[in-house]
Amino acid sequence: MTMFEPQIMCFLCKWCTSAAADAAGTSRMHYAPNNVNLRVMCSSRIDPQHILYAFKEGADGVFIGGCHPGDCHYVEGNYKTLRRVTLFKKILQDLGIDPKRLRLEWISAAEGKKYAETMDEFASQIQALGPLQLKEKALAREVVKDE
Amino acid sequence: MKLHYYPGCTLKEKTTALDLSTREAMKRLDIELVEPADWTCCGAEYPLTEEKIVGLAAPIRVLRQVHQEGGDVVVTTCSFCYAVLKRANKAMQDDPLKHKRINAYLRDDIKIDPLTKERTTGFEDYNGEVKVLHLLEYLRDAVGYPKVKSRLKRDLKGLSIAPYYGCRLLRPHEEMGVDEPDEPRIFEEFLGAIGCTAVDYPFKQECCGSYLSVSLPAAATEASYRILRSARMNGARAVAVTCPLCFYNMDHRQDAIKEAFLDFPGLPVLFFSQVLAWALGVDKEVLGLAEHTVPVDDLFIENRAAEERT
Amino acid sequence: MTAKKTDKKDKKDKRIGLFVCHCGVNIAGVVDVEKVAETMKDYPGVSFSANYVYMCSDPGQQMIIDTIKEKHLDGIIVAACSPTLHEKTFQEAARLAGLNPYQIEIANIREQDSWVHTDKAKATKKAVKIVKSHVAKALQNESLEPVKVDVNRRALIIGGGVSGLQAALDIADHGYEVILVEKNPSIGGKMIQLSETFPTLDCSQCILTPKMVEVSRHPRIKLLTYHEVDSVSGFVGNFKVKIRKKPRYVDETLCNLCGECEKVCPQVVSDEFNMGLAFRKAIYMPFPQAIPGTYTLDAEHCLGLTPVRCGKCKDVCDKKAIDYDMKETIIEEEVGAVVVATGYDLYTMQAIGEYGGEKYEDVINGLEFERILSASGPTGGVIRRPSDGQVPKSIVFVQCTGSRDTEKHNPYCSKICCMYTAKHAMMYRHRVPDGQATVFYIDVRTGGKAFDEFYQRTIEEDRVLYIRGKVSKIFKEGDKLIVWGVDTLTGKKVEVEADMVVLAMAMVKADGVMDLLKKLKIATDIHGFLAEAHPKLRPVESLNAGFYLAGCAHGPKDIPEAVAQASAAAAKVGDLFAQKELSHDPTIVPVNDELCSGCGICISMCPYSARSLDLERGVAVVNEILCEGCGACAAACPCGAAQQRNQTDSQIYSMLTAMLGE
Amino acid sequence: MRVKLKSGPEQRKFIKRIEELSGENVYACYQCGRCSAGCPMASEMDILPNQIIRLVQMGLEDDVLRSKTLFLCASCFTCQSRCPKGIDLARVMEAVRHVLDPKGKDAFGPDEISPELARELPQQVLVSIFRKFSK
C-alpha cells in the first residue's frame, strides 16, 4: 500500500509569504513536495470560494500565507484575511470539512525557514488527517455547484 | 415620595447624627426614606481578590431586597456602604462569573415573613437592576439643586466649609463614576447650592487613615491632621464629611491631634447632611450635635448674616 | 485614463508558447525539464514547447523573440526562476517581439520547486502542475497598457512651521511652484516661539528667521498667511484646492509697520505668541520678525469693525491701510501634490487635575517656559514667575506629563521632552546660579547626535538634581508649590518645595486641523497623528497618493528630524514631478457595471479610498490611479462585479483546476 | 548578600498566583513610582508600594511577604486613580495578603482592641480592619 500523499494548495501573498518561499529556495531548505503555490498580490484577494473550490478540485489541505499583522503592503489586507478565515473555518465545520485542513500563517519575506518548516508540518498534519473523503468533496461540490 | 435608603450599621448605632439629619433633611424635600426589610451589614469592604467573592453576598442580598420591594434606586450616605453597594452592583452587571456564583449562593436564602412567620425560599437572580446613589448624587441628579434652593429656610451666606471627599466616594473612578477623581466638584456644588462658601484646599481627597485608625492610630492622627490643617489654612470654618469613619478620624481623634501637633488649634467637623438639614430649616436639636467631640454649636446660629456683621 | 485593451482574443484561439529553463543544473538537476516540455506539448492551448539551458541568456531571449514572431504566439510561459528576478527581462523580450508584456507568465520551478525538493519524479510532477496553472491563466490574460495621467507640477504646503518652510524651499529650489498656506498671521510655527535649541543652544529665532525671509522672497513660492485650506478634491497629480482667505482688515501691501494703530487701540487681549504670559492689542503684529511684516486686526477682540464704534486705528493710519470692509474670500488653485505639515499641540494641563496647572499660575508648560527664557519674551529673558514676577529660587520640572500613560492620557513617548527639560534646567541654572533645579523623570531618552553629552553636562556641570520617579500631586501651601514625588532609586517618598513648576506636557495632534484632515480623507493613526504609507519603507508618504507628511503632524519629533522629514517629503514631491506623466499598474480591480448592485461593500474594503458610489447609476466606480490592486474588494464583492485584471476569479479557478485536477 | 533570582516556572509561580488573585498584570508596571509618590501611608512603610510590585516582578516572594507595607495600605485607591498603566495596586496588596500563611498569626486580630475602644469605634472600621488584616 502506498503512503497517502496529500495535495496542498497554497495561496501566497506576493510581498511576504511568496518571497519567503523564494527565500527557502535560495537557502536550499528542503521540504515535502506536496504543495503547489498560487501567488496573489495580497492574502485579502482570496475569496472563501477559492478555498472551497480548491477542496473540490482535490486539495486535501489549503494554506494561506500573508504578511505579519501591521506589515501588510496594502495596510490591513491581512486583517481582512484573518477575519474571513476565522469565520470560514466555522463554515467548513458545518460543511463537514475539518477546519484543520485550512491553515493561515503570517510568514515574512525573511522567514524562509519558517515557510519550509510550516510546509513540512502542515503536510504531515494533513497526512495524519487522511485524504479529504469523497463524501466531504461531494458536499463541497454541492456548495459550489454552479461553478 | 418614598425612596429606598440604606443607612448601614454604623448609622444605626454610633453615628446617629448622620442618619437623623439625613431623614429630617429629606422630609423637607418631601421625600420619605424607607429602609429595605431585613437588611444586613454590607461588609464594609468590597472584596478585592478574585477568590474572596463571597463578600459580595451581603450587599447583593440587600440590593435584591430593594429590587423585590419595587425600588429602582437606593441611596446611602456612608461612603463605605456606598462603595461596596455600588461596586457589588456593577459586578452583577459586568462580571458573568460573579453574577453566577453570587446568585447561586443566594438562591436558597430563606425569607421569613415578619407577620405570618411564613418561610419562603428560591429567589430569582439579581442582575444589578437597582441604581445605587450617594445622597449627594441623588440631590444633584434626581432632586436637582434648583428644588433644593427653593426649599432653603436659612441663609448660610459666608459660612466657609471645606468639603472632604476622602477615598471611597470617588475611587476607583471606573466603578464609582460620581465625579472626576482628581478635580471633583459635586461636594462644592452641593455646598454652593445650600448657600455656603465651599473652600478649595489640596487635601480634599487625601486619605484620613481609614481603618488604620485602629491598628496604627498615630498614622491616622497624622493623616487627619494634615487634612484639617490644610482646610483651616485655606479659611474653612469647618470640614464637612459624608463618612462616619472620616468623621471619627477627624472629630473624635481631634484631642489626640492637638496633642501630637501643637500648632493645630482645632476645627469643627460636620456631616454634609447636618448642614443641609440646617439650611432647610430643621431644628438644631435633632441634628445630633451632641455626638461631636469638637463643639459645633457656634456654626448653627439662627441669624447668621447679622452675627457675621458684628 | 482607462487601460487600453488590445488583441482581445477568445481563449480558445490563443496560441501559447512554453519555454522551460534548465538554469544549468539548478533546475535540470532535479526537474526533468525535457519531460516537462514534452508533457506540455499537447496540453490545450500550448502551440509551442521547448527547453533551453539558460533562458535568461542572450540566445535564450533571442529564441523567445524569434519564436513569438515565427509561431505568432499570443502569450508565453517561461518556466524558470522566481518572477522577482527575470519577469522584467522576459517582458522586455516579449515587447521587442511585439507582444504585450501582460501576456507573459513566469512559472517558478526553481525557488519553489527544484531548489526545495530532492525527489526528482515528484519535483517534475510538481513542475508540470505549476506550468499548467500558468497556461490556464495565460489563456485568459488580457493585454494591458499602464494607466497614464498628466501631472500638475505645483505643490501645496499646508502649515508654515519649520517643516512647511523647509518643504516649500526645497520644492521651490527643485524648480517647481509652491503655494504655502498658513492659518496664522505669520509663518514660523512653534519653532519661532522657542528660546534656545538643544543641544547646541543656538537661538531659535536667529536660525529660523532667515528661512522665513527666504520663503517670503522666493520667486516660486506663493505665501498665503492668514489663509486656511478649505478643501482638496481630485487625485494625485491633479488636485483642486479651495483656500479661504481670512480678512486681515489691514492691507499688507500698504502697512509700513509704523505702529500708530497699535498705540491707539483700546482693546488689550491675551497674547497667544507669548502663551498668554503677556498682552497685545486687538490690532497687532504677532512678533517683531513676523512675516509678512504687517499688522493684523483681530476681529474677535476689536470693539467693532465700524468707525461708529471705535475707528481709532483707521483714523491714525497715514497709509490708509486699514479697511473694515474686507470680506472672507475663497481662492482656487490647482496642484499636483500636497505636503501636510500642520504641526502639533501641547496636551492640555486641565486634563491632569492633580498637577494644578489650571489652578496655579506658577505651574506652567514647557512652551510657556520657552517664552520666559526667550530674550524677546515677556520678561526679556529674565526668569520670572507669572504670579508675582519674582525670580524663582526653586523650579521643579516634571517629565512625561501626559505621555507614556496608557490609562488616562497618551500612551506614547513625546520624544523631545527629555531633551528640552534638560535644556530648561540648564538654562535656569545659567541664569539663576543660586536656584535649585529638580527634574522628576521616569527614563531619560537621549538618542540623538550630541544629546547624551548635553544631558550629562546638565547634571555634572550645571548640577541639576534628577529624581527618578513620577510626581503624584502638586498643590500650593502658602506661597510655595509643594510637589509630591518619589525617588524610586532610594525608595524615598519625597516632597519638594518649589516657586515654579514646569510640566513637560505631551505633544498631541493639532486639534484645529482635525476637521481639515478628515475632509482631505488623510489617514491618521489612533492618536490623530498622520499615518505614513509604510512604517519603514515609506515614512514620508501618506497612504493617500499625492499627499506627503512633514513634521510633528506625523508624530513627536525634534527640529532636525522635522527638517529632515520635510526635505524627504520635498524629494518625494520632486520624484513625482520629475515624471512626464504618471503611469500606474493597470492590474487593478475595475467594476463591471452590469453586475454591480451598488451595495458598497468594496468601498469599505478599499484602504486607498479608490472606490466610491456613483449615486446616479447606483454602481461602484473606481479611480484607476488610486487603486493599488490588492484585490481585497474583489474577494468581498458578492456579485462578481469586481474582478482583478489578469487575476480574475475565473483565472484563479482555472489555475486551481489545472494544478489540482488529475 | 547577592540575591539569586529564581528562573523558569519556579520564578513565575508567585507572580502567577498574585495575578490570578488580583486580576492585575504585574508586568505592566514600569516602575515610575507614582503610586508611592501619592501614597498617604508611604512614610510609614518599610518597602514602598512600587517596590512591592518590583519584588513581585522579580519573584522575591519572601521579601514581599515579610513587608510591613501590606498592613499599611488603607485601600484608599489613590495609587489606582493615578497609575499611568491602570494597575489597581490595592488589589495587588490584597492578593499578597491573601497568599500569606493561612495558619500564621493575624496581622491584626480582635484581641488587640480593648472593650472600651470597641464601644467607641464606628462598626464599619471594625468590620473593615478584620476583613483586611485577619484571616
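For the reader, a short list of remarks on this structure follows.
In order of appearance the chains are A, B, C and D, and numbering begins at 1 in each one.
In the analysis below, a contact is a pair of C-beta atoms (placed from the backbone, for glycine too) under 8 Å apart; a residue touches a chain by one contact, two chains touch by 3 or more.
Everything numeric in this text was worked out from a predicted model, so none of it was measured.
The pair with more inter-chain C-beta contacts, choosing from B-D and B-C, is B-D. The chain with its Cα centroid farthest from the Cα centroid of subunit C is B.
Between subunit B and subunit D the centroid-to-centroid distance comes to 27 Å (mean Cα coordinates, whole Å).
Centroids built from CA atoms put subunit C at 53 Å from subunit B. Work out the mean CA point of subunit A and of subunit C, and you get 35 Å between them. Averaging C-alpha coordinates per chain places the centre of subunit A 63 Å away from that of subunit B. Across the assembly, subunit C contributes residues 354, 473 that each touch 2 or more other chains. The set of subunit B residues touching two or more other chains comprises 182.
Annotation for subunit A: no residues touch two or more other chains. Across the whole structure, chains are in contact as follows: A-C, B-C, B-D, C-D.
The residues of subunit C lying in touch with subunit B in their complex are 352-354, 356, 359, 473, 475-478, 482.
Interface residues of subunit D facing subunit B in the complex, by the touch rule stated above, are 20-23, 40-41, 44, 71-72, 74-78, 80-82, 88, 90-91, 94-95, 98, 107-108, 112-113, 117, 120-129, 131-133.
Subunit B meets subunit C in the complex at residues 180, 182-183, 200, 202-203, 230, 233. The residues of subunit D lying in touch with subunit C in their complex are 30-39, 42-43, 47-48, 50-51, 78, 82-86.
Across the complex, subunit A is touched by residues 82-84, 108, 110-113, 115-119, 122-123, 126, 129-130, 133, 534-535, 543, 587, 605, 607, 628-632, 634-636, 644, 647, 649, 652-653, 655-657, 659-662 of subunit C.
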